[in-house]
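For clarity, chains are labelled A, B, C, D, E, F and G in written order, and residue numbers in each chain start from 1.
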């Protein structure tokens, strides 16, 4: 087996792993009890999945076509940068829009700060607008 | 593939028509958005699907899929975007003026 | 530090002219640049500042730490998802960070969020307190905090 | 040339009046205007001898040559009679009107209308080209409309004007279609040309429709039953107008038309029956209705209707001559036409005079109501004399011209009995009977005019000034007319030879050499002359009926008679307005939903119907590309998302689902090897979603559609049918690719346009024009959004129009 | 290469763009608008005459030969309509100077008008089916903006309906194009004609043709006209007049083009359908015209009637019918503009829109009254105004083809036209005056002048119909014989 | 072998998307749906990468980055909407 | 508690530059690769959209003080003028020409009127998208 063939295989393998990771994480999306826990499954596991896939793709093109795909690299960086931000934003939005935590949750150190004082601060009272 | 996509088009059209037949402006706009999805697919399908490679010269074998429908769809997409944007803003302005997004309740021109 | 960079570029250019090829080649320039790196690393104490590529090493180190954390916690989360019965106890806890600048806080949050099992939910207006949602507070809170400390240190090496 | 000028002179004059008006005081405009018809009359008189010698004059000015519409004027005996009437009576009427109209009226406007009418009327009778004739024909309707509504602030004036316009213009439009059919058959619009060719077309399927339509025009214009209803209401016009348009000239345009077209259609049974029966019935109905009138002008209106019917029926009988070929008998029938033309002239004289008399009475007393009139003879002796002359002439008494033509009329209807064409049979005997009964009524109302107005007690007192004879100026015109009434009685053959003979030659060109065509008119035919006996009968019975009028007048209140055509007309207008409103508002709901249902419904019916009817579906899967599992999944996802879109409870979910659809389409574009599309689709979808969100902030959450199961089912059915049709046709198209696409050409994009991205070269080069316009579209939308938001309507109450 | 034929579209387009930059300078905008539209008129006349000498002109954009590139084809039919469009726009611009108001003028009113004209003229000129779609969209988008401009409640509500329906019709358009492309693989109209003639217009192609019919019917207001009265009643007068005069005509044009050039093989199906639709349209329009008391509604339904009448010509498809339709089309553009202007002016002057609320206007505004009278006659087809000649020719066409039903309904509908307008004239202009001297809103000369110009135009077009005859005949000849068009487009290949 | 692996991966990604759509339809909360949408975006990226590998074309690599950019923008927009109702603020005064 | 967007903003600062560069690249490479004026323009405008989402209208407008309506108008003008330009050279409307030039930095470069045309397209897209978003956002 040539280096190229091995490289291609590695690429495909990474992609396959990515696919599996993706399915598992979507499984979490169905299974987990509340939006916060689901966000863990989504933003991380699936980020992992896509990173694996993209790396696989990068490897594939590198070995099969001897082509360094800047776009794929850029894609990887981009996902790295933005996926956690997206997760952060959604979770924050969920919490601020008062989506309840699952009953199995044990701690909430944010509740007092945000929801109990909200009436006084009235940050984003869109009913007035 | 063509048959499958055609059936998909049929489903989308059905959905869109049903949405358009409602009283709420948003549903209507949404319906029109789905309609445009459907027709873009239709244009694509009518040119034949997967009949060759990506229409980039130098890529692949030299047998290309029909590029003309792609160009047409591009134009159509942009136009439908323009219209949707305008319609959406219109809906919003209308709501602000009238306080309703229900076309059934909004009587435009009155005679008697 | 800009002085180091300029010097490095100068060395590379010098290298290129010394090699004296028919045409200007990027590869030659790059080779010269590498030579320059070596020279400057060797001499950097004379400038009285730190070696300007030190950050590169710090970044690589951070990346490595991150990848290892990522893999570990990914496995934890995947296990939790796949386990027949959900045994997690999610919750929100707060963490006061020693980091101060926007980019540092951001970097910490990104890294923490990317590793499974934890999401930064809020940053306090002052920017020094993070509210973190964890998949399983009871079991992994300690682990998370040590992970945070780890990250903090690595980040500071990059930024300061 | 002169002829064409003659037509235009009144128009030119009308054009100048507004300018003159500023310089000349109201009072004197009439005198200026008077010059016009007088001049024209004299000019036309100069033709009399030439025409009598059998000459005709023709002159053409090119107009819409390509359509065969040219301004051809043609003067022959027939048009000359009318020309003389128009200008002659016109002169008198204007003279009369100078005294009749108050200085405070908008006299300028009045004369403008009148001159336009005069020109139009001359145009009608002098035009050889059917289209030009039609032009002037409608122009007479219009000027009549304007004149009737001269006092437009009066409700009844407006009503009358509208009625006359609607009826005559409708008839005119019918006539126009008749003319078009004639042109379609013969290829010509020239009456003379059609005349020479028509023989070959009498069996043409358009021949009879054309005839009927031309008659429709004639009947409406000449107020024949049942179209006569406009004429009484037209009496709202100032009296000079009634005298001129609504008795002497315009209403005779229909007569002219029938006479003019007799050579074309005359040989047909339908023509004969229709013209004669409609005419005779109108004669009867007009006279019968006249008796019950209490308004003198209304009475005169019905009498005009009746007299027009008389003339019409004579023309109908006269057309029999065409059926029987050139023989003595045809000459006999042709004489009915002679009678018609003669009576036409006579009627203009006595009826003109009578109208002017009524005008005088109205002018002096302020009323025309018979019930309030009486005893005017001593106060207005001259007026009385004129009235008597006119009435007795109309009643058919000697020594007035009406007697002569009435006798000829009786003679003609009596000929009907012997008619052996068109299988007339028993019908022939009916005609004299009706004619006679009608004459009795005619006699009665003539007595009413004279006796109820001028005899008996004076019922009316005027406070401001005593009732007195009209000013001399007002009496000149009617006096001249009554002189003519008597003059013609004594010298009828002058008219017969110089005026009627050439007209007869125009109506019967083939008989024009026959000497007997023109009978010698004489007042006395001996005692055994049956028409004379009829006349005596009329007088006797008429006097009796007049004396016992109050006893039998109850007849008019018998129910069927009160269901008159007028109320039918009103009801039709009312009902059609109401009905139209009901119908229109049923489907024009103002609801977008309904409109969309119509559109989809039409699509289903038209396209579905066509497919069912003609087939055209042939589905063939051979060309299908293979499908992979993940493609199935994607398509399933899309279908799922699509269907879910119908059931979601929140608009946000809907937007997310729409996003799913959009992104999935992008992946389909990837699968279909369309990178540019995938890129565009993704970005557009995102921007659209952002826009949705931007606007949603302001919009309310969407509520569940509250609709009945039935309406949901209907909507569902429509949606499914539309979807299925679109699918089925698309499948069919795939099975029926008939040609290769032209797009293989673009595969040489690199050589042709220097680009390797084929889609991009199409967009940027091959079809750059589309792209350019697409950018314009986008730009308009962008700026449009900006204006939509920036330019706001002011607060309510401004729904009418920005000021 | 005949670059000149792109000008009737490109001049308005560029004008529109430049005017965007001139936004704050209203006077400059006006001047620029006038000059540019006059230029368009001049160019259109020039092209029209060029066609008479050189035959149909075509311009291949980017020099790509048909059927591959997009091209403009200028024949007498399209140029006559371009010219009329430009003339009408010129007159309506003058009206808007005096009526539209500064706030609109600053809100890109003139640019939108010019974009509309560009779209309209582009639709007339294009020889490519998909480009026709794009030109339609240019026109429609501008109309969307114009109908909402001002943002009054009614405008907004009506425009939602208007836009939704047009979105739907554009959708059908694309569907039909897709099908057609799938079957015959080309977009150039002449090429489509050739290919369809080659394989024959089978049921499938006929079905596709009928979808086009639906599309253009929606645009033209043929049978599917229910959107029209509402939308044409909402915008300011100048805009309503622009719509009434131009918009539906583009649909009519497209219908003529497509059903004489491409789908002309099955007239017993397509043309009969058009005939039936025309009849129903005229009936519906006639009923609507007499049903309402609001003059804007009456006026709008008159638009509907005319559409039905013009399409008699297409249904009948004889040369004289075509001549008639073309004459009538031109006439209708002029007279509808005039009608809308007068109706709008009446509303402006009285602040009322319903017949019973107005009376005796002729005493205060005699000129307006007489101009309305002229409009009424012209619309009814009474000579010597412009409607007459077209009516005669259409009638002749119907007679030649023995389409008596069409003839009858067409001619009877003109009685309804007369009646509907007579009601307005009788009740609003005549009757007792209700406006006192001091309440009298002065009628600005600038508002009257355009109406007078249109009045003169309808008279001149009626009396001087012969001047147009060579062009109209040529246009009709081209419609009769698709080969002339095809030869001009594909002949030079 | 490689083709099989790739195809399986592709199918797995499709399945993920399908399941995510189910989550969108089920909700229950809006953030749930947005998370699912975000997930779909990310998986589309993966799918396109795989398809590019299968088709051996570089034509779609741009799409990857674009999808990344836009799913980011989309998520920001949605979460801002959920959080504050308004997604573009005129002026931030807080 | 006030919202602290520090994470978002910091990341956005980086991301925006990536998007802008990518957009320009897409626009320029359109003739031979996927991309072109439309897509490039859309990507560029999505960078602006991102800015407006993350910051507020006033902040962004201070940083980018263009009248985007005029940008759009200029774009349309450019697109149309490339067509009109060919009239001036006696070629058919919208005839695109290309020339090869030796430029200092870029070396042998193909400069084509198509590029101008597409630049017009891109500018329009950017102008319009931003105009729309700004119009709505400012109308509260």
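Note that a contact is a pair of C-beta atoms (placed from the backbone, for glycine too) under 8 Å apart; a residue touches a chain by one contact, two chains touch by 3 or more.
Treat the numbers as computed from the prediction; the structure is a model and nothing was measured.
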{"item": "Chains touching both chain C and chain F", "value": "A, G"}
{"item": "For chain E, the least number of touch steps when starting out from chain D", "value": "1"}
{"item": "Pair joined by more contacting C-beta pairs (B-G or D-G)", "value": "D-G"}
{"item": "Centre-most chain [mean C-alpha coordinates]", "value": "E"}
{"item": "Reference chain G; chain at largest CA-centroid distance", "value": "D"}
{"item": "Chain separated most widely from chain E, comparing mean CA positions", "value": "C"}
{"item": "Between chain F and chain G, centroid-to-centroid distance (C-alpha), Å", "value": "25"}
{"item": "Separation of mean Cα positions, chain E and chain A [Å, integer]", "value": "56"}
{"item": "Rounded Å distance, chain A centre to chain B centre (Cα mean)", "value": "30"}
{"item": "Inter-centroid spacing, chain F versus chain B (mean Cα positions, whole Å)", "value": "21"}
{"item": "Multi-partner residues of chain D (at least 2 other chains)", "value": "590, 592, 596, 671, 673, 675-676, 679-680, 683-684, 686-687, 690-691, 694-697, 726, 730, 733-734, 737, 741-743, 746, 756-757, 763, 765, 767-771, 774, 776-785, 788-790, 792-793"}
{"item": "In chain B, residues with contacts to at least two other chains", "value": "20, 28, 42, 45-47, 53-54, 56, 58, 68-69, 74-75, 78-79, 82-83, 85-86, 89-93, 97, 103, 107-109"}
{"item": "Multi-partner residues of chain E (at least 2 other chains)", "value": "13, 17, 20, 61-62, 130, 134, 137, 141, 144-145, 148, 151, 153-154, 156, 160-161, 164, 168, 175, 178-179, 181-182, 187, 229-230, 292"}
{"item": "Inter-chain touch pairs (all)", "value": "A-C, A-F, A-G, B-D, B-E, B-F, B-G, C-G, D-E, D-F, D-G, E-G, F-G"}
{"item": "Complex contact set, residues of chain F against chain G", "value": "59-60, 62-63, 65-66, 69-70, 72-73, 76-77, 80, 83, 86-92, 94"}
{"item": "Residues of chain G defined as touching chain E within the complex", "value": "69-70, 73, 76-77, 80, 83-84, 86-87, 91-96"}
{"item": "Residues on chain A engaged by chain G in the complex (per definition of touch)", "value": "74, 77-78, 81-82, 85, 88-89, 92, 96, 113-114, 117, 121, 123-124, 129"}
{"item": "Touching residues (chain side chain E, partner chain G) in the complex", "value": "1, 3, 6, 10, 13-14, 17-18, 20-21, 59-63"}
{"item": "Residue ranges of chain G in contact with chain D within the complex", "value": "26, 30-39, 42-43, 45-46, 49, 53, 69, 72-73, 75-76, 79-80, 83, 93-94, 96, 98, 110, 112, 114, 117-118, 120-121, 124-125, 127-129, 131-133, 135-139"}
